[in-house]
Every structure is written in structure tokens, then in C-alpha cells.
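Here subunit A shows up in two complexes: once beside subunit B, once beside subunit C.
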Partner chain A sequence: MEKPELRYVFEFIPKLLSSLHTTLLIVAASMALGLAIGVLVALPRLYRVPVLQRLSQLYVSFFRGTPILILLFLIYYGLPELLKLVHIDVTRTPVLVFVILTYALHSAAYISEAVRAAVEAVDRGQTEAAYAIGMTGFQAFVRVVLPQALAVSVPVLANQVIANLKDTSLAFSLGVMEMTGKAQTLVAATRHFIEAYVSLAAIYFVISLILQKLFQIAERRLLKYEGPENAEPSLPFKERRRRRLFGSSAMRLPWKEARADEA
Partner chain B sequence: MKLDGAFIVEAFVRLLGAIPTTLLITFVSVACGFVIGTAAALLRIYRVPVLHRLASAYVTFIRGTPMLTHLFLIYFGLPYVVDGLAELLGLGFRSASIPMIGFAYLSFSITAGAYLSEVVRSGMLAVSRGQLEAAYSLGMTTPQALRRIVFPQALAASLPNLSNSVIGMLHGSTLAFTVSVVDINAKAQIVASTNWKFFESYLAAALIYWGLTIAIERMCGRIERRIGAYNRGGVA
Partner chain C sequence: MIELKEVRKSFGKQEVLKGISLKVEKGEVVAVVGPSGSGKTTLLRCINFLEKPTSGEVIVGDLAVAAGRAHRKEVLALRRKTSMVFQQYNLFRHKTALENVMEGLTVVRKLPKAEARERSVRLLEKVGLGAKLDAYPSRLSGGQQQRIGIARALAMEPEAILLDEPTSALDPELVGEVLAVIRNIAKEGITMIIVTHEMSFAQEVASRVVFMDQGTIVEEGPPGELFARPKEERTRLFLSRFAPEGSYSI
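Here is the complex of A and B:
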């Protein structure tokens, strides 16, 4: 085998970036669709609708209990057959649509759980107050509960977006030309395996870092209504600088310092 | 075309034979990943100089890249490293003698290690500081206190996350087909390739994975109740 050379990594990165838009399209479209389906799926369980509640449970259990790779094949091969029964022909539909649909259904299962937990985290008094000023059930949910619930669930949704981004690397198995698919064609053309996959990993890594930062900003904005009591306590300059440089995830010694949150 | 019910059953039975491979990959990667993860978590919690930066970088990088790229990097990168070392040291060992499943074990362990290190870390942070102080006041050394006091409680606190990670690795093991390991997913492809009934075959595979997932959830729920028994309130 040839010696890996760094210059190929730099050569491959722009080539891979040329199919970045497909990857991002899958992520964005499936998250948007998944969010809508996820909220819909969560509703029967939140309002304890008989029968539908069971169906929603079954849906979540199945889509969370089956690997995404299996789901991809299942929907790609199964959906056309099912739709044929009602005389809809989808044989000419691009593969990308099936891929987006699969990721949407998959993330909807996770999102519905997140929405459910978040709605239950919103104080019951909020709904009661909304009813007291004469809102209908729908208005109370859409105007009062949902915005607060979404703010609470931002960290979970962010994780889901990043998980989705990483899962898109499986779409190549149906022949979609996203970044991983592109990397494989580069490998087939040049035989520089290591360089191609190093550049691929680097791109995924940078994108997930960017997404993570963006969601942190979004979360801070969405939680602004909570007021200064939830704001981060002011920190000494050295600590602030350290956090700016290394992120707040770098840890304090948990057992050797008094914990601020217990005080 | 009609849904071939008989073939779903046939595929289901044939796929059962591949369950051990899938479970073995899952088990090995979670077990090795747990060791790697605990080491990384301890390095980060105790902020061991230099090493804790390395541990953080490892966790961040692995969690920021798809599992598939880890598998490919190990699959194509490891032979290069192994052959280079073997030549350098004059050993007779060559990368061609590494079995395919070895690459899957190694790569998935590295993946699981990063995710499990976060699980272990959050579990250990959930144990209150007083527990460790009480252990010190009884004259335990730090390793003793960690092993006897902190780890058992941390394990109980992190079981739900742990079960999610195990399920994640079970689902991730479907990638093994890319390095020609015949797990349930690869078997489903093989079974379907004889008569092109992909839908039926993957439906059977989905049912098996679903069943395994529910079984793991149930099992962890039961263990959680047992392990968390010390934590009950009440008088009886």
C-alpha cells in the first residue's frame, strides 16, 4: 500500500464539500418534517386519547427499536409496494425522497419523546392561566405551552440534529450522492482510502461543532424570558477566559470543591 | 406484487442464525468501550495533566463524526500501521491475518468508548460529594472509595444512559456489513438476494432488532430496580 500523503487530504476536502448540500438538505428536510410528525405523534399521549395513544406508543417503540439502516431499506423497498395497493406509482420518485422520509420518521420518534418530556416540564399553571383568560385548548397549546416546551427541548433537538447529520452517512447504501457516497467514489477513483476518509471525518467534525455552537446560542436566546435568575453566575476573569477557550464542559473537580448549585 | 407472508417467516428463521454475531459485536464493543470510557472519564474528572486534554479530544472527535467513518478509518488505516510496525520490528505478522470481525470489534469499541465515557462521567458526578468524604473519613484510599462507594452508585445512576448506549451499539452493529461481516443486516441482504424479496427480508430483520431492543430495555429496567433498591424511601 502507498504511503498516505497529507496533500491528498487537502485535495479531497473541496471535492467532498461539493456534495455537502445533499447532506445538509437531508438533515434540514428530515428535521423539519420530523418536528411536525413528532409533535403530532406526541399529542395523543399528552392528551391521553384512547387507541391513538397506543398507536403512537407503538410507532415510537418501532422506530426507536430498529436500526436506521434497516429502516432505510425497509421504506425504500416497502413503501412503493404499499402505495401500489392504493394505485399510487412512486417508481420514478428520486431515492432522496425516500431517504428524507426515513430520517424524518426516525427522528420524529425521538422528537415526540422529547416534546412529551418538555411539555410535561411546563408548569401546569401556565395552561390554567391561558384557560382563565379565555383561550381555547388549541390556542393555549400553540401560544403558551409549545413555545416554552420548545425552549426546554432545544438541547435534545440539537442532539437529534447532530445525530441525524452523522446518520446521513448511511444514505450512501441506497446510492445517494451525499458526502460519504462522494468519498467512496473518490476512493474508487484514486485508491487513497485513508486520506479520503480522514477528510470526510474532518468535515463531519467541523459541521457538528458549528451546529453545536449555533444551538447553544439559540438556547440562550430562547430561554431569555426566564430572566437573570437563570443566567450564568458571574465568574472570575480567569475562569471566563478558560471557558471561552475550552468550553464550559471542561470540568471542575467535583468532589474537592464545594458545588455552587448546592449552596 | 403481494406481501409474501410465508417468506417473512422463512427469512425470520434464517436470520435467527445471525443473531449471535450481532450480539457478540454489541457485547464486545460495549465491554471494551466501557473500559476505555471509564479510563477517559477518570482522566477528565481528575484533570490529569496533558492526558485529560487528550481524553477530551478523543471524546469530542469521536462523538462529532459518524460511526461509519471510524470503521472505514480503522479498516483502511490499521493495516497500514500494523504492516509498518511489523516491518520495522521485523515481525512475521501481517495485517492480512486480522479477521474482518476484528476491525469491527476495534472500531466499534473506540466509538462506544467515547459515548460511554460521557455516561460514566455523568454517573460519577451524580454521586454526591459527601459519599466520598464519608469514605475518606473511614480511612479508605481513593481507589478503595471509588471502587466500593462511588462506582456502584454511579452505575445505578447511569443505567438508563447505559441501556441507551447498548441499544445504540446494537443498532450501530448493522454497519459491520461494510467490512463483510455477516450480521443480521448482511444476512437479510443475502437472504433477499436469492429472490429479490427485499421488503419481506428487511421486515423480518426489523422485527428481530425491535425484539432485541425491547429485551435489552426490559433487562435494564429490571437491573435498575434491583441496583437502585438501596435508594428507596419509606419504612418497609
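Here is the complex of A and C:
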């Protein structure tokens, strides 16, 4: 191991960023697929479909209860064997597909629980109003219930995206050249461990921050129908800064209180 | 127009409707009154199968649906012939006033957007909310929300409108604006069944009043008659609680 030098951090960051697109592709594709599967998995439990309901429960507990690294191996090595039995050959399928599938199935388990809770939280009256104007069950779900449920579950979905982002660092164990994989090669080439991992940590952290901010904006947009227009009157800058630092509870300064008593 | 034949409804062991038969002619405004827990709201909700009756038959226009073998498509057709105004308004929270009224027209009736929009704007103007087209329900008062609810119900051009205690959730000072809107549409000859606690309003606007108690219809008749000279003891007892304030003796 070489002596740590700061300049390597700056040297490594652009090199690692050259693999960022793979990381983001895994996150984006697996979230999109996971959201679709998650909603589908939530349905049987929401509508209490006899047998499917149990299967959906089993699905959720299996994918939540198994480490993602093991899932990666199971799906990458196991799925082709299973498919061979029905004469489907997937040996030429890129590794990335298996990785995305694994993360999608894994997030779907969490998403389905979030969606289920959010759907059940939507007021029953919303569905009744939809039925009363003659919507079918499907129309009521897609047009009225789901949009409200998804808007409410944005914070949970944001968590899942960030968890996924960090979990993509395991994909290199199947040889996928995403950022962590790239870091490994930099380490192997230069033996500057610490710099490589510091750069890597910094990148993951910054991307998480950006994602958090984006989701905050998305949440505000999606929930713009909630609450009166001027629910939060704009405060002077000093007050906003104080609240950001100390929270919104009214902070009493002892000497000011004393003065108030005198008056 | 609307007919209920021996409609019964039980929740578990408790029978809430004990064989209700009721006929409402086209253009009638029927007010259903009675103490809470008497089954008025359940009766109303059985008409559009938001509650599935345990037995009996519901007829709206030329469509007869029997409780036992109600097909999904029949229920849908029944709901498309009626519309409902809810006690809690139940406006679609994520849609603006205009979108709330348009929703059924574009999704259920499959009208072209422009036409749906035009009709919805007209209806919202009619209920006095032409200036609030793009407001979300959460930013409107209860009275405004309920008037949108009424516009949404009217938009579907139903054969009858079912109103479930349309003013019960409102602040007293907002009741008037909603009643005014209902009064106006009553004049247009739209068939309505209103479950209400507003006795004076029922007396004024209804062409017939139905008094329910403990899951049965105790008595019905023109408002002038039923309020002034109730035949049944139970009706008299119920109405006495709504007597004008001055008439209490202490």
C-alpha cells in the first residue's frame, strides 16, 4: 500500500465518474421495473385475492429476508439453470440484465409494502366517489387511488432509490464495471486504496444528496393539491436560518424572557 | 323511475333495512328523514349499490337489478344512471375543481375533452364557482367543495341524483349556499332523493317526505301533510324534537 496522497482523490474522481452511467442505469432501470412489479405484487393483498395473496406475502418476505448479494448470485447462476429446463437459453444475455432484474425484484418487495400502505391510507370516500360516477374498479384504482397513493409514498420511494444506489456497489461481484468495480481496478493499478475509496464515498454521497433534493421537489410538486396555498407564510431570512439550525419550536432566550417579565 | 322492492340489508347479524319498498316518479324530489341509525343513508347507498342489498330489487329507469344475482355490468349500468352527492363531498383530492367535474365525462362517458370541458365550466358557473376552476379541493371551503360535488353529479346527466346528507358536514354559515344550489336544480325537474336533517329545507323543496325509523318506512306523504299532521306516533315524537325554539316549555 502506498502512502496516501490527496491529489489521487482528485485524479480518481473523474475516472470513477466515467462509470457513473452504469450505476445510474442500474438504479433507474431497476426502480422503473421494481415500481411496476411492486404495484402488481401489492394488488392481490389489497384486493384480498385468495391464493395470490399468500404468494405475494411469500414474495415479499423472501426478497426482504435475503441479502442482496446472495440474490445476485442466485439469479445470475440459478435463473439460467431454471430456464434451461424450459429450453430458454440465456447464456448470451448481458450480466447487466441479471443485475437489473435482481435489484428490481428486491426493490419491488419494499415498494409493494409501501404502495399497499399508501393505497390503504387513501380515503375510502375517494373510491366511492369514483364508483358513484360509474367508474370500473380498474378505472377507480388507476385514475383516483393510485395517483394519490404514489404521491404519498414518494418519501419511501426516495429511500428505496438511495438504497438501490448504494446497493449497486455489489454488482461488481458479478464483474459489472460500475463505479465500485472501477474503483477496484484503480486500486489494483495504483495501490492507492484510501484515495480510491474516499473518492468513491464522496461520489455516492453527493449523488444521494442530489437525489434527495430532487425527490423533495418532486414530493412538493406531486402533493401540491394538499394544504392551503399559503400554508407556510414566507419568513424573513434570519428566521428561516434560525429554524433550519434549531428547529421551528419557539426558542426563548433567558434574558429576553426576563425583560418580558419586567414589562 | 326509481323503484325499490322489498330491499333488505344486513351488516352481520344486524338488519339495517327491513324490507323497504319505495317508488319515486320522474321529476320528484323525495326527502328521506329520520333519526340517525334509522337506515336512511344505507337505503340511499343501496340504490347505486355502494352497499349491496342483501335481498330485494332495485329498479332505475328500464334497468332492474336483483340483489342476489347482480352482475358487475348491471351494477355499473345502474351507477351510470344515477349520481351521488356525499356528506363528506369526496371530491377527488388530486384534481382541480374543473378536473373533478370533467373526470366522469371523459373517463366514463368518453366525451371529447373540449366538450367535457365546456360542459363542466358551464356547470361550475351555474353553482357559482366559475372563478375557482383551477383550485384544488383542499383550498376551498366546505360549501364550495359541496357545490363542486353537486356540479360533478349533474355533469353525468343522471336520471336521478342521490344526495346523502349534503349539508351535515358543513359549518352552519355555509349551509345556505349549498341549499340554494339544490333548490335551483330541484326547480329544473331533476329527480332527486335527499337524505337530510334540514327539516325546514325538506318541507320547502321536497315534493314528498319519507320518514324512516329502525330500518322501515314509518310514514310518507307530501311535506305539508307529514310535517303538520303526522299520522304515526313515532313520526310525531321525532318531529317534536325539531319544533321551533319558542315552543319549548320549561
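Just so we're on the same page, the second predicted complex is superposed on the first by the 228 of 263 C-alpha atoms of A that agree within 3 Å, B and C clash if a C-alpha of one lies under 4 Å from a C-alpha of the other, contacts with A are read in each partner's own complex, and residues count from 1 in each chain.
We take it that contacts are C-beta pairs under 8 Å (C-beta built on N, C-alpha and C of every residue); 3 or more make two chains touch, one makes a residue touch a chain.
Note that the structure is predicted; figures quoted are calculated from it, not measured.
**Q** With both complexes overlaid on chain A, does A:89 touch subunit B (first), subunit C (second), both or neither?
**A** In the superposition, A:89 touches no partner, neither subunit B nor subunit C.
**Q** Based on the superposed arrangement, let me know which partner A:144 touches: subunit B (first), subunit C (second), both, or neither?
**A** In the superposition, A:144 touches subunit C alone.
**Q** Taking the superposition on A as described, I'd like to know which of subunit B and subunit C A:128 touches: first, second, both or neither.
**A** Second partner only.
**Q** Hey, is it subunit B or subunit C that touches more of subunit A?
**A** Looking at subunit A, the partner in contact with more of its residues is B.
**Q** Is A:73 touching anything from subunit B or subunit C once the two structures are fitted on A? First, second, both or neither.
**A** first
**Q** For A:225, select first, second, both or neither according to whether it touches subunit B, subunit C, the two together, or no partner.
**A** The answer is second: A:225 touches subunit C but not subunit B.
**Q** Of the partners subunit B and subunit C, which touch A:201 in the superposed model: first, second, both, neither?
**A** In the superposition, A:201 touches subunit B alone.
**Q** Per the contact definition in the header, classify A:169: touching subunit B only (first), subunit C only (second), both, or neither.
**A** The first partner, subunit B, only.
**Q** Show which residues of subunit A lie in contact with subunit C when the two form their complex.
**A** Subunit A residues touching subunit C: 123, 125-126, 128-136, 139, 143-144, 147-148, 151, 224-229.
**Q** Which residues, counting only subunit A, touch subunit B once they are in their complex?
**A** Interface residues on subunit A, with respect to subunit B: 1, 4, 61-62, 64-71, 73-74, 77-78, 81, 84, 162, 165-170, 180, 193-194, 197-198, 200-201, 204-205, 208-209, 249-251, 253-255, 259.
**Q** Where on subunit C is subunit A touching in the complex?
**A** Result: residues 48, 50, 76, 79-80, 82-84, 86, 88, 90-96, 103-104, 107-108, 136-139, 152-153, 156 of subunit C touch subunit A.
**Q** For the complex, give me every residue of subunit B touching subunit A.
**A** 1, 3, 44-47, 56, 61, 63-70, 72-73, 76-77, 79-80, 83, 121, 124-125, 129, 132-133, 167, 170-172, 174-175, 185, 188, 198-199, 202-203, 205-206, 209-210, 213-214
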